[in-house]
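Here come two complexes built around chain A, the first alongside chain B, the second alongside chain C.
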Partner chain A sequence: MTEETNEVVVQDDSAKKKGRLTNFFREHAALIAWIPTAALCLLAVVLFLAPIGNVVKVGGDTLTGYGAIVGDWMEGLKTPVIVMIVIASVSVIAGVLGVVLKKHRNSLAFDIAAIATSFSAIATGAGQIIWLGSMSATQGVAYQPGAFSILAVVFGVLFLLVAVGETVVHTVWIADNNQRALWKTTWGKWKGWVYLLPALVLLGIFTVWPIINTFRISMLEDYSVLAAKNPNADPFAVNFNNFKNVVQYSGFWNCLLNTVLLTVITVPISTMLALIIAVALNSIKPLRRVFQTIFFLPYVTNTIAIGMVFMAMFQMIGYSPTTEPTSVGVINTIIEAFGGTKVNWVNESSSKFANMFVLCIYIIWNALPFKILVLLGGLQGVNKQYYDAAKVDGASRWRIFWRITVPLLSPMIAYVVITGFIGGFKEYNSVVGIFGTGDLMGPPGSFGKPLNTMVGYIYDRIANNQGRASAAALILFAIIFVVTMINLYVSKKKVHY
Partner chain B sequence: MKVVLQHLTKIFPSRNKKEPNAEVVAVNDFNLEIPDGKLIGLLGPSGCGKSTTLFMISGLQAPTSGRIFFGEDDVTSLAPENRGIGLVFQNYALYPHMTVQQNILFPLQNLKGENRLSKEEMLTRANEAAKLVKIEEFMNRKPSELSGGQQQRVAIARALVKMPRVLLLDEPLSNLDARLRLQTREEIRRIQRDTQITTIFVTHDQEEAMSISDYIVVMKLGVIMQTGKPQRVYDDPANLFVAKFLGTPPINVFSGKVENGKLYIGDEAVLDVAGVEDQEVYVGIRPEGFILEKEGKFTCSVSGIDVMGRDVSVVSTNANSLNPVVRSIISADQIANTAGETVKFNLKPAKVYIFNKDTEDRVYFGDQIALHETIVAEMAAEGQVITPHEGPLPREADDKVEEDKPYETKKSVFAKVKGLFKKKSVPEAVETPETSSLETDNTDSEVNE
Partner chain C sequence: MTEELNKSEVAAVKDEANAPQTPSGEIDIHNISKKQKIWKILVQIALYAFLTIMAVIVLFPFYWMLISSLKTVTEYEATVPTFWPTELQWSNYSYAFRSFTCNNCGHIFYNPIAPTVCSECGLTGAEFKAEFGRELFQSVGLNLGRLFLNTVLVGVVSTILSLIITILSAYAFARLNFKGKNLVFALLLATMMIPGELFTVTNYVTVANWNLLNTYTVLIITSLVSVFYIYLLRQNFMQIPNELYLAAKVDGTSDLKYLWKVMIPLSAPTLISITLLKMMGAWNAYMWPKLVANDVAHRLITVGLRGEAFYDDILQKTNMPAQMAAIVIVTVPLLILFIFFRKYIMRGVSRSGIKG
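Right, the complex of A and B next:
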């Protein structure tokens, strides 16, 4: 007996002890593994029928998705679909046979399942490519297959190799225990990575690469996609000029100031208010759910829509040209009802202070629901006995709040503050929501986007100078990073986990 | 500080609006006078209202009716912080974010006005309290860094530091392991003796209550069943419930009858009970009330002998027993008499209690009458007159609470001992069933490769 077989026996024993359900899954693992496989086959067919995300070039025009295949798609579809269905069916049958052949049923069945899946993937992609080829041939136009199909083929081939390799190991080399053990150990080391590959590739493409690319682009002076595509343009200089230009631009400092102001003002106030509301909600029984719903409403409503409502509320003059200019906003109406004079909150030539005031109120109100939710959840997890004990110990309500509630809630508070700061530095849509279009970023008639924020600045640069946009994004990232580090450092000292 | 509870009643209203009558009477007309400086154990099965009583004394729950006095002060409507109580919760409720010292200081920091102490005084007081419960070396630790017993002592220190008039402990030992429990209850006893603070503690463990209390109060369904010194209550139970609740192993209960001054269990006249009227009765016999004799009047069939540490008990069965087995503790030299299918016992009259079958109240006979009178007089002398509960007491049959598990027999030990004396090999027959079932499982599963 080799070590390998010993190991297998040990595993079997442990599985036996785990009980019926585990045993059931173990016994029928192969069959269960076929459920996702069959689903994948089906998905492959569906994906083929609907090449969403595929970009096809018809002549000079670029068509996307369904638009690309409208026409005599039925004609072009016939052959590849039949081919694919045949291949998928064959692989399914092969897999089922693998299950029926009981000898090495678990491992082999998995292998065959993998082969079948790979075939499906290849079939999807290849079918697409073949079909486009046939379309090109019949219509005399060059159709280019989309990335989707190519990816499907690449992954399909990769998996096919893996699965075939394992199947060979399981069947052909099975007689020689030593060789098998050697293969198993080597293969076992890398198997996990191979199976992880698709996820890693996707992560790499959609998460890691954009970040690296941001760094790269920020170093290329005045990088822009259009210029990059132009073969006649000079290559971009590699230096820190993007950062320099961003920092030297006066509008940038205004954006930074606005962002910092909004964050520093709204985060503490909204956290405080959320804490008070959460404690109040937690201490009432009747109507708690009603209030919970009311407080949570902003969270499920569209920011821009609410921003427009706020704009209307703080409006000074009605839009209608037929009426006399008068106060129509609710806020000004209330102020006048109490004998005050109306304030120009958001209209033309309103002061920046008034604008910021409205923005802060809006952001605070918008940030409350999530914070209340988190803090209320934390409060409900606090053992009621602490309050009983504190009551017996003669603590006043105020002291109970500061000495018991706040420390016990401190992890939640820290979470809310940290996410609040991060969210605050990324503030943008609230300004758009209240002050209308993204081109204005200020009260009507203003110039130079007086209320623009960091994200707004980045957004503005994206259109024609991705280099500076990347630099600004990295500056924002650095600021958020430093602030979060400070937050974490403080919470380490003040938070009781 | 003397604590007086007068007609204390707590009714929890029905939660279900459709059944407004489904209210729960947790504490029912509770009358008790707790003498100054004593340790009182409130004892009863779960759901008997003992914790509710404690929380009413603490002020965390308001009584539905009745009054609570500390000394001469009526504290019924006072808030907990104004009553001058210290309360130790079942799971201690130490503030997890404060150190031990901060926990102990917390009640002192809450004091206001003229009661407010200077910082130095606070620290001194906290250190004194910590010293009393022997936790001075842990002052800078967090509660999570302490063992259960240490946490318990911190909780007591926190309760003691403001020098309460009354100390209340809610199941103080239930979260501790067996060894620590023994140690901690001695500790509680010592602290109580040192401080002389009137202490009320709640427990469902009769052994715990009996070992440290000056007085115990046995409760059932919100009603006091009996109060008194632990040993007195054990020796002189007022009714079947108390008799069954106190004592390990539990009392053996039989159904029997009194006829012509004789007590019958089944057909056997087991004891002379002259002067008792003829009636159907429950007979309670303490395990130590049996004398193993060849010519005994009471016959049981032996099912085994159980050696539990120093005790040797004969486990037998009797058709009239209400318990699954009859357990009698005998001296070790009498073991030889148990050879054979049946054993015969004589009974010690002082350890046999008879209870009327309808009311489940005690029927006294013989010397027991005199003992009972002595105890009543003793109680009266100590000011322990308890106004009897109006109306019938809840009977055993009313008890919806799950019965305690029957005293467990350890099969292997008892089979071995039985085998020794019968000179037959029994132990081999005993097989654990788990292994065999595993064997059958193996047969249908095939070996992988």
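Right, the complex of A and C next:
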């Protein structure tokens, strides 16, 4: 405190002429900063009453006043107004505290609050004008923004200028070195948050809020956006009926069964196959990179596009249950070349077993690249000494594989199995690729999406019944969570780190 | 010297252990090495044979896609499928890009040439021309072109914005000190455990409430922040020695300048990986775009490909070779990208395990 006063005195002595105004600002900085803030607070309260001036013409009648459209107006702009009032209150409190405690340097905090408040005043006024304009355009009813809306924008802009000017004065003009240093450290403290701001805002809206809201709307019976927007509709009942309806729907169990089958069949097979290929790749020298590149190719493709190619390969051309096909398709041709008989894989009235077989082949084909990549990476990190030691002991290749390679690779194997299970439970695109023609999710001529999966079930419901969709999403989440926990538990026992 | 000794010792022990011993107890060195050599060669042959078979299986769909896209419809439907087209039908590719619309009823025909009569409203081209003085069928062309344009636009914009956000956040987590940093970071990592489908439902509600359905914004905004990429880049930033930062601070370099001049060039490989994976993600996106922007103006390539019927009104059936040509057009850009950036893509994938 004493240092500060000393400094002021010193400056006063050195520059008397410009010192007067500067000193005035310095001594009353908090108070001056508080004036526009308080004014903005007043404005915020006034704006709450802004719709008074709005005029609505319905048919021949002209309705004016708060009651006419305040209900609709509140729906559209409730949030910005509440935010503004909160900011205004906080800045008023800060201003009062600043004056009471004589913490002049903290004036920056409510300078910023004043700027924010001005912005929300502009947003509220402008938002109202735009909203009324769009209402007039869509509903054919003439809504006219009242004087308050326009005033809000005008005053908002004015106050913004004042607040910005004031901030500049506080930070640049009347600041002494101590204050500059203080602001610098303050900025240093908050800089991290500013850098994080865009990410946090987007994550808040599209990641954190959904976690909360999905629980909320799963409890609202048959929640949908359309019904929520309709002011005449009954409020949604709060209960567990969404879960009940989802579970009672037979299609759901079919989706769950398909998903579980596809996962349980493809994950072990693709992991084994990937392991064998990775070990083989690791034991050759020439052409290794070429093979590695080839085995990675399925990863860099469009799942749906190549799914359509698989469909074409298994498809019989010109087939219907009553007519013989003109061509049995390339896979059946290969089967017949080896002496087998043709199978109806994906055509009309094909068996579910054949359909699932094609799906499994495709999913394994698609899953191999990632698994080979990870496992081969793990193999290349294995210390060669283990193998030398095993050879010294005369161990067979088979024994080396099971006793050295697999245990040393077990962290990687656990990783690909766990990610494989998670990915398997989210399987959808490969089914769309092969059986998605016309949204059938099954062979031609089938009904009720016989090959749909859990994710498909959720997506089918998102557009019109978000209540059930979120209930199904929560069920899927619970399943994935439990399966992952089991996986982790098993790998804790089996994995050698 | 000692190392060499050790090596030869080990080798000797190895040979001894593997060697079948003669009844007299002596080791026949010549025999063993020959036997071992033959065994080794046999194993190598088996390995190459196995890998070649697997490689053929992996490559076969690509091969089949390519040759089918060059066949005529008649050859495609031949009783015995040909493994190389007898006649290269390049026009399948232009077919995939071209379609005609009826000026009278608006029906779209996916034909290589304009039909003479509209099967939908029954008008013939001659009748229409006599009455209105213009052609009945108009080439609307570049159907895939529009899809391409949409996809590239969405991919580029979302990648650039996402990179900016990721770099700023990773920088904050790696270099800046502020209260609550570790807590926020831990919370962000925790959100990675939750499957994306859980977010989709509410995100649909949000964008529907904001009247964003069927816009470019909705295709970009929801996937801008990836916690995983922030994490990846942060780890990379952490490896850059702090002394550089302090030296830059002493020289009076601002944070942003330091970020731009030092951090970004030093972590370029990771940034390239992120860019490529993000672009691949945009190219392959299907579920979310289909849900929120499935109108003609904003449709993305995968949604368009799956929704496109390729029903030829003249042949009265689906033109499979043309569909294959469209699939080739969709697949090839990714393969080209892979050929040029193989290293970056494989490294990014091995770390993330996420497709896109």
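Here, the second predicted complex is superposed on the first by the 285 of 497 C-alpha atoms of A that agree within 3 Å, B and C clash if a C-alpha of one lies under 4 Å from a C-alpha of the other, contacts with A are read in each partner's own complex, and residues count from 1 in each chain.
One rule holds in what follows: a residue touches a chain if its C-beta (ideal position, glycine included) is under 8 Å from a C-beta of that chain, and two chains touch if they have at least 3 such contacts.
Keep in mind that this is a model prediction, so the values were computed, not measured.
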item	value
Touching partner for A:F236 - first (chain B), second (chain C), both, neither	neither
Chain touching more of chain A, residue-wise (chain B, chain C)	C
First, second, both or neither for A:Y249, with chain B first and chain C second	neither
Chain B versus chain C as contact partner of A:A473, first or second or both or neither	second
Contacts of A:R399 with chain B and chain C, given as first, second, both or neither	first
Touching partner for A:Y386 - first (chain B), second (chain C), both, neither	first
Chain B versus chain C as contact partner of A:W187, first or second or both or neither	neither
Partner chain in contact with A:L408 - chain B first, chain C second, else both or neither	first
Partner chain in contact with A:V432 - chain B first, chain C second, else both or neither	second
Contacts of A:F357 with chain B and chain C, given as first, second, both or neither	neither
Common interface positions of chain A, toward chain B and toward chain C	388, 391-394
Partner chain B, residues of chain A touching it in the complex	5, 8-9, 12, 16, 23, 104, 106, 174, 383, 385-386, 388-396, 399, 403-404, 407-408, 410, 496
Chain A partner contacts - residues on chain C that touch it in the complex	10, 13-14, 17-18, 43-44, 47-48, 50-51, 54-55, 57-62, 64-65, 68, 76-81, 164-166, 168-169, 171-173, 176-179, 181, 184, 188, 191, 194-195, 197-206, 208-209, 221-222, 224-225, 227, 230, 255, 280, 283-284, 286-287, 291, 302, 305-306, 320, 323-324, 327, 330-331, 334-335, 337-338, 342, 345-346, 349-350, 353, 355
List of chain B residues in touch with chain A within their complex	58-60, 79-82, 85-87, 89, 91, 93, 95-98, 106-107, 109-111, 158, 162, 441-442, 445, 447-449
Partner chain C, residues of chain A touching it in the complex	189-193, 195-196, 198-200, 202-203, 205-211, 213-214, 217, 225, 229, 276-277, 280-281, 283-284, 287, 291, 293-306, 308-310, 312-313, 317-318, 326-330, 333, 365, 368, 370, 373-374, 377, 388, 391-394, 397, 415, 419, 422, 425-426, 428-429, 432-433, 436, 455, 458-459, 462-463, 466, 469-470, 473-474, 476-477, 480
